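Input: structures, listed below.
Note that chain A is present in both complexes that follow, paired respectively with chain B and with chain C.
Then we have the complex of A and B:
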């Protein structure tokens, strides 16, 4: 199939599913829920400030923003994880592939749809945080734009990771459980590591020292596997005002996406479209 | 089937990963793996039974930090001792000379780059004390200087940089807690002589003072006797003034000792000590990691007036100072550097094999030198609205049984502050950020802004209800679209 046919097929799939998402209520309900959660964390900062009167905060809106895009990226990853396996499970995938659609255009279409959805989410997020900033006077840090750009690549990694999982399994339930389990591991891991790190040396028991060492070594592995780790690398670069590292982080996320999507296409081809 | 297969492999790996450390030698085995060190068990197994020789008391104050306490040396918990070659280390920590040592079990030494660190070749009796999980040295019981030269090889090079032992001392010109100066070479002896001369002069002056005071007391007793006998009082100018008691010099200088004064560029090295006989001293070969700061800047210690005993730091210029209403705070600026937590912890606590483990990817800001010769500017919308000088302050407890205090300007000339020291010296900022952009920054003597010293100040709105109404916006948009689609579908059906 020629390249132009493939891209056209991808476009059709992406936009058809995008509009389907936008015309439904699901995305808006999720966005409202996520914004409420992030507002709760902003509320926490306001409360803390009320108690202390004066505080030095790096950027009180960055963490809620990170939380918002992180949760939405996970949601989109989850949608990706179940989308292919669901269509295969229901038998609609086989029907689709009788038309001018191949694994490349299908996977790319799925990826494109989720990324376009993320752009819509980003617009809502910026409006939401701008209004929150007006109400609280919490400032957007100078690097907010850089973080926003970075979040696109976080979503890209997350969506491709979800698609990859979706191509691995034939059952929707298994995709769902696998994705949730891995996300819990990947998201909780940095927090668990940080909590263990924050224990002062004198209070460490032998078991805690081993946990620290195991987590430190696992962290090296996580740096390559976890989509969140790519985002964290970018966050550090933004914090250090290190443009080179920032670009490297974006490039790494792009390569991660390309590699994962490439593997997904290969796995998808091998598994076939039948139930 | 395949999923079950992969799940089994992952589960087996996870069990192995968690179980492996717990199966073998406890903490130290893993610590040894991490830091490249031997375990304490090896130390105890090879403990020498040599007779202890007592040496002179060490003059290096940092040795006290690693000295084994007397109570540990007695009773049932007596640890097994081993005489061994050690590197005595006084690394510069950014604020002071810290004290640690590298026992035989420590394979890598950590030092800061581009600063002078003190490394000494010694022999002492080493203990591993499991309760605090650290090696200790009985410096006061046995300490022998190992003569020779220190050879340092940069990674990949066979050409050593050689360090000879040089005399050095620590000088504290303004007292123990007011900063240390390293004095090296012949100047160390001159500094020590200066310190001794200052104290000799003080003792002479004190002796003279006590003599004069005794004479003055005698005269005063005679005058009192005369008043009692005659009933006639003296005029004020007739009463002799008491002699003035001399004040002790603030300076303190340690006795000069010889050590290697090591100043190296950041990088990886190998080190060894070559004795006077030209042979490498056994156990002296080690790796040396010389590290540098990841970044530098200006950090602020911020003392809110409302909670002066609970100051907090602002280490990064991206941190914004948020205030609720009118606020008064005092701030102490510092030049600061950010170091890798693992390297820094190993550097200052090498005798604690577990210190810093699992922190290779963590970072730590160190406030290094207080900035005292700058002025603090308060800006609004880019315009300087106040220039603030550094001043001393005194915390006064309020009278009565209730808790409370006032922070007042410290004026040594005022009678109520006679014989007292200020509680702290800082810049006082009183601000009520409203509309507009507020900022603090430091300017040096030339009026130049000190890079990294800028901090934004903002007032925070504390109304909460909008925080929980703004998120409903997407739902309203979604409902709007949903209703619109339904109306379109409805009209389509009607047309049909």
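Then we have the complex of A and C:
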């Protein structure tokens, strides 16, 4: 019985928020910006083709598509990161919990809403790239469809990670800062690690060796906690045409999502719904 | 309907609610009173399962909340003191969202009914960001009743309303109670509690310091009854006759106006009229002064604070 109530609560919450997003302007502004950026990279391929008469990439639509869904996934992660804290901040969260809503159905509703938004975006993206394909005469490769499926799991990891951050804080701006700071850290970290690794072994001081060890351990940790790491593994598998690794990366993303959402529910229960 | 069993909530060193045992019976309107910080909202939050008690438990409809969470929640309607709404929605969309959440049958018909009750049906397609505080309060009341709950928890239901709105909400409460709905009302507007509630619980410093009907509370708190008597004219003989009566504790005379204090064991108005007549006086009016809830509230909380101070709690 509680299963049907939970499902209903999740569904109602997800669709309310989905319609709120679709009727708002934010998503379309972001989509327009992302399509412009991806179009610019397609334009680069067209330009090269015109100039040199050859294509630098075997599948010129794959990278722009990857860029599109990657940026949208980050945007949805950001939206997820502020979704719960904003509702707590506004007091509407408390009102929801007067009724037949528990932490499970609420978190699932929030996750569902962001994923539904991603599917809408995916449809727009496919239409956009189909039109680009018609205009440029660039075709879709098999990789394109593998990436499309993989992008759903990237979005899933990003959204669950965002929801987790949102359960940690009670203020919208703190969630926002936390998400941006962590994303910057995730981007900077590989570069910092690479810079330290590129220093020749002979010239390393004791301190630098220690930093290298710390960075190596942090890197292992990052592979587990970063929502992007699972997608990267999938990307490598797509590049190598390794179906087994591709499926493993998808399964790992699913487990990551389930674990992060489970932790989010526990944190949310402990934090409570009061402002 | 609601039974709390030794409900206690501590925030660090502070005990917000201390061993609270209340029982709200089916079909009654129970008024929950207390000064700011008495623990009323904390209690309401624990009843709704939004705050975990440090000790004790709450039974709703004879069950603990965790035993049948969703079914219990569907039988309760809640109106909080502050209305937190989705400003980008219209009243109709807002109620439709909650109707879906509570799985209300024939939602449109029910929305029309509840908006009609709070007199907002003509504004149902306006965005909530344009609603006044009072309108938001009334919409909150409509939301609380939307799913036809058996029990309504109302926190300051008339605090933002004008006199007309207060009357509307009061009439709704009384009418819905006549239909069998149970109410737990927490309010600072004592006159409203006095007008609507069957029983009253008074909290102070986290403790329930009094719980009774208004009439019994008065009886318990009043040491003597005050009678305001107007005579045709002032009379020495009347004053002397009244003072001689064993049940009269004091007589104050201000021209034709007499203030006579009697014991509380029975109604002495008849005997006093006869005494005045026998002494040659003519009674124009006798008015028995009733202790208002406000006076009872102050008396109880003052007594309780003194008691707690003696115990070293306050």
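To be clear about the criterion, the second predicted complex is superposed on the first by the 235 of 275 C-alpha atoms of A that agree within 3 Å, B and C clash if a C-alpha of one lies under 4 Å from a C-alpha of the other, contacts with A are read in each partner's own complex, and residues count from 1 in each chain.
In the analysis below, a contact is a pair of C-beta atoms (placed from the backbone, for glycine too) under 8 Å apart; a residue touches a chain by one contact, two chains touch by 3 or more.
This one's a predicted model, so the numbers in the text were calculated from it and none came from an experiment.
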| item | value |
| --- | --- |
| Chain B versus chain C as contact partner of A:266, first or second or both or neither | neither |
| Touching partner for A:5 - first (chain B), second (chain C), both, neither | second |
| Superposition-derived comparison: chain B or chain C, residues of chain A touched | B |
| First (chain B), second (chain C), both or neither touched by A:90 | second |
| Touching partner for A:22 - first (chain B), second (chain C), both, neither | first |
| Chain A residues contacted in one complex by chain B, in the other by chain C | 23 |
| Residue ranges of chain A touching chain C (in the complex, touch as defined) | 1-2, 5-6, 8-9, 12-13, 16, 20, 23, 90-92, 94-102, 272-274 |
| Residue numbers on chain A that touch chain B, as the complex places them | 22-25, 27-29, 31-32, 35-36, 38-39, 42-43, 46, 49-50, 52-60, 124, 127-128, 131-132, 135-139, 141-143, 169, 174, 196-197, 201, 204, 206-207, 209-210, 212-216, 218-219, 239-240 |
| Sites on chain B touched by chain A in the complex | 3, 17-18, 21-22, 26-27, 30-31, 34, 294-295, 300, 302, 304, 306-307, 312-314, 316, 318-325, 327, 329, 345, 349, 352, 354-362, 455-456, 458-464, 466-468, 470-475, 477-479, 481-482, 485 |
| Chain C - residues contacting chain A, complex | 45, 48, 50-51, 69-71, 73-74, 76, 78, 80, 82, 84-86, 88, 97-98, 100-103, 143, 147 |
